[in-house]
Amino acid sequence: MSSFGNYFKITTFGESHCPSVGVVIDAPPSNFKLDLDKVQKQLSRRRPGQSDITTPRNELDQIIVLSGMENGITLGTPLTIIVNNKNIKPEDYNFSEENEFDFKNYIPRPSHSDLTYLWKYGIHAKSGGGRSSARETIGRVIAGAIADQILEKHNISVTSFVSQVGDIIPNEFETLEENLTRDIVDKYKTRCPSKDSDLIERKILELKENGNSIGGKVKCIIKNCPRGLGEPVFDKMEAMLAHAMLSIPATKGFEIGSGFDCVNQIRSNHNDVWLKDGKQNK
Amino acid sequence: MSSFGNYFKITTFGESHCPSVGVVIDAPPSNFKLDLDKVQKQLSRRRPGQSDITTPRNELDQIIVLSGMENGITLGTPLTIIVNNKNIKPEDYNFSEENEFDFKNYIPRPSHSDLTYLWKYGIHAKSGGGRSSARETIGRVIAGAIADQILEKHNISVTSFVSQVGDIIPNEFETLEENLTRDIVDKYKTRCPSKDSDLIERKILELKENGNSIGGKVKCIIKNCPRGLGEPVFDKMEAMLAHAMLSIPATKGFEIGSGFDCVNQIRSNHNDVWLKDGKQNK
Amino acid sequence: MSSFGNYFKITTFGESHCPSVGVVIDAPPSNFKLDLDKVQKQLSRRRPGQSDITTPRNELDQIIVLSGMENGITLGTPLTIIVNNKNIKPEDYNFSEENEFDFKNYIPRPSHSDLTYLWKYGIHAKSGGGRSSARETIGRVIAGAIADQILEKHNISVTSFVSQVGDIIPNEFETLEENLTRDIVDKYKTRCPSKDSDLIERKILELKENGNSIGGKVKCIIKNCPRGLGEPVFDKMEAMLAHAMLSIPATKGFEIGSGFDCVNQIRSNHNDVWLKDGKQNK
Amino acid sequence: MSSFGNYFKITTFGESHCPSVGVVIDAPPSNFKLDLDKVQKQLSRRRPGQSDITTPRNELDQIIVLSGMENGITLGTPLTIIVNNKNIKPEDYNFSEENEFDFKNYIPRPSHSDLTYLWKYGIHAKSGGGRSSARETIGRVIAGAIADQILEKHNISVTSFVSQVGDIIPNEFETLEENLTRDIVDKYKTRCPSKDSDLIERKILELKENGNSIGGKVKCIIKNCPRGLGEPVFDKMEAMLAHAMLSIPATKGFEIGSGFDCVNQIRSNHNDVWLKDGKQNK
């Protein structure tokens, strides 16, 4: 199923080369003044082709609201937002136009889900990655950008940045991690807000020249998150976050808090210290 | 939430006067050849303005597939189909254009959900019934027309017809109820396949002249339904059907099998008789 | 699945002759003082064998709380309450004790789900109705009795009574329908709070002598229900109620408001009239 | 909510010191011969107090089946299995017996969820960890042991072992990782099937003497997992696994496949190689 969440349930739809990709949000709070420019801005941050270190497709992803709003105000009903696919060039993907799939001569792209889709569904989109295309994340970004505006009203901020690429681990960022903002992050082509950004950029360009790429880590800092969030057993906040993060294509790991570093910590050091009235309780 | 179902989960979206209404089906069987003309045909059967006994809006509801298909074949991914709203005339509904709702002078339409929406959401669509508009059912009809094609492969047929309007209860239909088909039903303007159809038509027209309308009953015959369908306790087949039927605006009752007639039956008469090898077991 | 509901989700379990039947409620409000005697009282109202007009099993269904409470207070965690089965007499049901089901000589009880279970699951409980037993409703009654106490805090009352048995339709009840209470209803053996109760009782006893029984109608009056309850499209309040009611074994119909009577009403008469400040708006 | 899964949905219930902890599985396959001794065996593997390196509680956790089985065969109905709590000594936890919570003098245990529960629910179990107690995992182990028997029929095996404790990372196991079995793992007190197990044991005992403990890593090898498992977008297999794993108390990270090691891999090396007919496709 292509849905995630409960009260703010998102359902994404669309393949890489069908008419549209998008999302139904069922439902945002009603009577909420939504800033669509801010949604568009986040979508543009997602867009490949912004710099020479990402994939070269320069897609103009303009959001179109189909339902759930009137005069810029949410109605509390399912909010549907789409982006039309424009860069439809099936021949890019070297699939035949015929209906019959040529199983015999088909060479699936390695490390892509093409073959798995074919096994599971008995068919896959003739061109592109279908649902496994990075364009599927457009629906997520739209929903995230809307969630962001709602969280902002509650003073909650979510800031992500690249914290490692290959073996390049910056030992200093432009500012303390907890003071990073999206504006600071966006000043860096690599989204790694460190003077090592140039180093990372060179590494990526070098690999790109050889048709290659490399892994990385993204760190996310959430501030003013209310206490008691999440359900006590299976839907713990960290479990839901892990679920969401591992659902992003090509993600291989998730850590929260001290993460795997805690393996080498003894309990007495690892303990969280309770604070009383915002001050450490000693 | 605007979703119904499990394996073939439908999510409808759209208000009466937003850009589009539609449905995401998550997901139809993959690799299924879908006849979109048949979907369009069912949608046209739903359309008001086909005869002088329904509401006069003559809307051309053309379906547009946004995702989930390629070359007429389903991909097993979320199938999104929309219809664009065209008849957008807010002034028809006598709402002000201002953002601020004039609570003081607002006179809600009786027996509509306008006021309830306003209470619940603090806002309602400026024009028309919003989600409570009959246009919401467009998404249902699209999904139903697709389900219909899938069921057809399993030899299951679903036929509905008008069985009563006001106090007019036909005592004879064109054919035995179990032999009725949609084609037969559609020969009658009122969808009541009986010579009493004319009587019904006159009654409706008479009421319509006075700006009025009247209630009715719809009967549905499902054939070749597999045994064991439904879950044993809460999601019994009849419970799910009742849920679905009562979710249609302005529905007030649901009966299955002998329905309320069984109140006056003694157990020994009401019993279903088991058949052995298709023959009655006596 | 054996679950129903969202925030107060109930999962019932247990067959007629396994060790226990019961319910997990996930989850009642936390820190709620629960009166278990009141729960027991409702369960005793459900119990067969209270009078000579119901089935003769005199089961003492004592509730046992397994989890979710401490010192009479709910913890906001899953509340599990069971009743142990005592009246385990497989021979009552004429099933062999062997593991192998004797399909050839098996004569399923008519109008019971025995055969359907066998088809669907390839097995059914050797004795009794398994999940289709009326004992499954024990879990529902426990959950209902707890919901009742929560609703009571919000001044919401739910009162049900027998409004028809066979062709006996009382034309007068002890008091106006809206003034009926459970205490009044319980004064009548038949739960039909009318002087016709005696007539109904005689009819049932007469049928019972011949090993027979008859249908009936139950009416339910909910008071102080908050406006805006339910979801706008599929999970409308009336749709959820219909779902719940049709999930009770042997239920064949559901009506809300004017029900099927509205078929013969013209719109102008059927309209609800809006009230202003509790007074009719004329 | 305390549920996880779809077709084999488990709902756990029970606090550390209420009468019982357990699980409802809705529903295992019907007509399945379940070996309860094997379930008991897995539960005994979970049990603390088996050796001097775990917590000293020696609980005898005997499973009791409440519903869903007859003569050792599942009925396809909700399977409820409980374990009664025996070691109920509230005074161990230093909570007062009074109903009123003494917020002023309450010192919550650090790194436990006690305080969070109190904030979220306005109450927490007077004694022990309530739902956050390790005893909650009893329901999971029961469900897992049953799933295990079902998977075994499909030749799927799941083997977990300790792969690191503190800074002790065995560089060799008793056998190749893919050849490890539960029987081999169980030969080692630490469940680390390596000659380093003694080293680990000494480290834990040393820390234990000082009332301390340390972190570790668990590795899990699943064999013969069918291809195409999981849903294409949000409920990817790895996302569901991450969700499940992070829902275990005190888990801080999850990796799948090459995990975080892939950060330093270039794409061309990281690629999975397709095999043809079980042989590498070169």
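Order of writing sets the labels: A, B, C and D. Residues in every chain begin at 1.
Just so it is clear, a contact is a pair of C-beta atoms (placed from the backbone, for glycine too) under 8 Å apart; a residue touches a chain by one contact, two chains touch by 3 or more.
The shown structure was predicted, so the numbers you read here are calculated from the model rather than taken from an experiment.
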With touch defined as above, tell me whether subunit A and subunit B contact each other through largely the same residue numbers, more than half shared, or through different ones. same
Expressed in ° and rounded to a multiple of 5, what is the rotation angle of the C-alpha superposition of subunit A on subunit C? 180
So which chain is farthest from subunit D, going by the mean of the CA atoms in each chain? B
Measure off the straight-line distance from the CA centroid of subunit B to the CA centroid of subunit D, and report it in whole Å. 47
As a quick test, compute the distance in whole Å between the mean CA positions of subunit A and subunit B. 38
Taking the mean of the C-alpha atoms as each chain's centre, how many Å separate subunit B from subunit C? 29
Two or more other chains in contact with one residue: find those residues in subunit A. 1-3, 12, 77, 120, 131, 232
For subunit C, which residues count as touching subunit D in their complex? 1-3, 9, 11-15, 18-22, 24, 26-27, 30-31, 64-71, 73, 75-80, 82, 99, 120-126, 130-131
Contacts from subunit C onto subunit B in the complex sit at residues 1-4, 12, 108, 110-111, 113, 115-117, 119-120, 131-132, 136, 164-167, 207, 211-217, 227-228, 231-236, 238-247, 251-260, 262-268, 270-274
